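There are structures below to look over.
Below are two complexes that have subunit A in common, paired first with subunit B and then with subunit C.
This part shows the complex of A and B:
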């Protein structure tokens, strides 16, 4: 009974997402354009390197990684920062705060609908196409299970980061700059635009200590690893779990404190 | 009956940055700590019973919305106490949400892209309304308004009137104890306004829901509220029956007559004939302000008819609107 009030939001989100048929086409077109750029960019990088393997990855490895990162991005990006910022500016947030569900949960569950639709309509088709075109470059084994587990945690970490940044909008009342900054930082440091393997050693060590790599690097590494070592898998998932819990607590706490400040000072 | 909303001398202060003008001023503001305290609500107390419809009035920026936000739990009062259905709203916002419904004039809580019925279904699950209660409410709605054509229409395709109507229905759906309506008839045409007033009235009657209504439309007030509360600049000006309010300004009525000849001169003559009344004239009418405690309008008219040939006449009650306007401008003596 209790879960019903969350699943109803998922359902609503799915219906809502499916209303806008054109947006799926636009996303698909946008992705193709982006991937064409990526293809030629990396082709020239590999050509100028003069070797088949750069930083331990072949051209095909890199391309598969980036295609899947794009597909993952489509399904994980929730535009939470936008949504929070816009609600604050328009004052709609008052109505959302007056729902008998905690705002953080309310917003999350409102997005789950688009997760489901995007997963089936963009991620899965991309995955199948890539798997078919590359003739088994993506290993299909136990790694898929690790990947699913990893994505669930990635979604949670990503949402917490977004929510944390969104909360800042309560103070700044502007969203554009903050949102762009967040997007650039997350996409770069999570390994969504450039695989972390290409990062200089020092920088990579630092990045591995940050929460961002749990969003894209972790699930994609697990997915593309055909012969997973128990130690590496446990370490990756463990790190994700740590960030999952830490970021959830942090974003919750920050929201609670901020909201208190707002209810005291007015918005 | 016990009070559903109990407010004891609440005050709400905001800290506002003193903004300076011009580019240089704006740059300085970036580093400014120069705040001033604005008192939006100043020592307001009231007690509202279950089932009342209270008109909450005041000019723009009087502090109405701030008070409502405190009652809903979105804002915390700087000082004073609020109890809504036995709870302190800002400490139990989520629980309090179950007991209240809100309609904020121009904003909608409905799912924009979905047909209305989907919004209702979502709200049913969110508020955990039982099937029986939901069906009962829908039955009531069907009996009050022609809801069928609306149910399957996406909210974004609705007219403002239809959307407002839908928003009100959505706010009442979980049968809350209190519904806050913030300017529900803003921007609507006359017939839609009437429809919405009838609906609010019926829902209040049927479910004994307490309604707090803020509006600038005196038609809403006259049609719905027996009690009104007026605030201005955060201070309470008036809290009593609407009848009492009119009595406040004496029982004056204005008799307007149209006669031949020079109105200005005639008005002066009439003033001599009727020393108890105040007579004035404009291009078309001679207005006689009658204090009903001193003279009866009908007697005044009778007297006038003997001396003048009256071609046309009008009788004007003092309207709530005129009274409120007077209060905004002058305050209550």
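This part shows the complex of A and C:
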């Protein structure tokens, strides 16, 4: 397989992302603000609880989990739904479809550039700050490796969900509504707003069967687990892999079927 | 030039509004999906609270219903900015492409004309949800329902809305200096998310920063008007 064409897209994406330097500062400021709010909110929540451990999570666990969930969100959010939706409305999609590369791959690889920049400029600093603020509460060991593996799969699952939802825009020509619904569902059911450990038992069981928990909950649980058991790690990664493959196939199939329906106004 | 009074502007607003609604109605599916999406967002906020309070009895002395009350209050106070100032989100695109120049040539107030162009109907769903939450929490807390309380409520809601509007306008206007103001707008929106939490949970330093930044923004808007 010739990877050169893909890396060209990565490079172009990096250059494009670096054009908007101020936006990085804004994201950083936003992250810090969010960090402060999450810190105080959960601190007072735990202060009123009276115990240190609630539903198996300590205050620092919760803090790391939520802050890194946001950092991951910034890192993984590719605005795919917006991009597809806008391309359909403007008619640009016709040009993209004519390119000698699969649309799904083209879109993904043109975003990989911002993955690289986002990772170094927002995710890594946040990670370091959190590690420093919590005085090394993040266990540094083999779990980091699992975390990286898990994030790679999370990116794939997240992209497949995005692409699937973006394809719906072909039918509805609605972007905002579709996107907000996706965002809300993913953020809530993946544990990015409230950690899944706090969910009531019945609800959690259902949520664990859905693909969304593979996006944020799986990597973050792996990260926070200092002494991982082979069984649980394999189960978590296995579930992710399953969703990775299933969602990729589903989104590909749906796209293929929908392409026959495409109507482009203007363009 | 003759001084235009408020009646003139209201009439113009009605006319522009009608055009906007007509064009929105031609995308009916989009309208329905957006409304459902809005309701989804509100319900998810609600579920978040619910899960939180299943694990913790109170947050810094604030009970479940008191927090719901705040949540409902923030939803209602956000409605004006959602409904009337939605065009702020396109400002950066308009400035970037140069389309913004067309607004400058109209013989009416530039700010008024730009904002009047879009009315976001889905904000009304939020209003209904917010009022519902507020009323529910009001009853559960056992707050007395007197005309004075209602008056207080309305005054507070109005001032809170003004602050939100000021914040968003300032954020959107940042695109006149930097091209991509999306992130600033996004930041302002996230800022408003914090409004649903009681300020006593923050330390004194951040309380001071939050309050004074609000005050600064408010005074800026009043001057701008």
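Definition applied: the second predicted complex is superposed on the first by the 261 of 267 C-alpha atoms of A that agree within 3 Å, B and C clash if a C-alpha of one lies under 4 Å from a C-alpha of the other, contacts with A are read in each partner's own complex, and residues count from 1 in each chain.
One rule holds for everything that comes next: contacts are C-beta pairs under 8 Å (C-beta built on N, C-alpha and C of every residue); 3 or more make two chains touch, one makes a residue touch a chain.
These figures come from a predicted structure and were not determined experimentally.
Engineer: Consider subunit A as the common anchor and indicate whether subunit B and subunit C clash or fit when overlaid.
Structural biologist: fit
Engineer: State whether A:45 touches subunit B only (first), subunit C only (second), both chains, or neither.
Structural biologist: In the superposition, A:45 touches subunit C alone.
Engineer: Of the two partners subunit B and subunit C, which one touches more residues belonging to subunit A?
Structural biologist: C
Engineer: Please work out whether A:210 is in contact with subunit B alone, subunit C alone, both, or neither, and reply first, second, both or neither.
Structural biologist: neither
Engineer: When the two structures are overlaid on chain A, which partner does A:92 contact: first (subunit B), second (subunit C), both, or neither?
Structural biologist: A:92 contacts subunit B only, not subunit C.
Engineer: So, A:100: does it touch subunit B (first), subunit C (second), both, or neither?
Structural biologist: first
Engineer: From the CA centre of subunit A, what is the angle out to the CA centres of subunit B and subunit C, nearest 10°?
Structural biologist: 80
Engineer: After the two structures are laid over each other on chain A, how near do the C-alpha atoms of subunit B and subunit C get, in Å?
Structural biologist: In the combined three-chain model, subunit B comes within 6 Å of subunit C at the C-alpha level.
Engineer: Once the two structures are fitted together, what part of subunit A is touched by subunit B and by subunit C alike?
Structural biologist: Common interface on subunit A, subunit B vs subunit C: 20.
Engineer: Under the stated contact criterion, what part of subunit A meets subunit B in this complex?
Structural biologist: Interface residues on subunit A, with respect to subunit B: 1, 4-5, 7-9, 11-12, 15-16, 19-20, 90-92, 94-95, 97-102, 260, 263-266.
Engineer: Would you tell me which residues of subunit C are touching subunit A in their complex?
Structural biologist: Touching subunit A from subunit C are residues 27, 29-30, 32-38, 40-41, 44, 47-48, 51-52, 54-61, 122, 178-180, 182-184, 186-187, 190-191, 194, 197, 201-203, 206.
Engineer: Mind listing the subunit A positions that touch subunit C in their complex?
Structural biologist: Touching subunit C: residues 20, 22-23, 26-27, 29-30, 33-34, 36-37, 40-41, 43-45, 47-49, 54-55, 172-174, 176-181, 184-185, 187-188, 193-194, 198-200, 203 of subunit A.
Engineer: Residues of subunit B touching subunit A in their complex?
Structural biologist: Touch list, subunit B to subunit A: 12, 14-15, 40, 66, 69, 72-76, 78, 90, 93-95, 97-98, 100, 102, 104, 107, 109, 111, 113-114, 118, 121-122, 124-128, 154.
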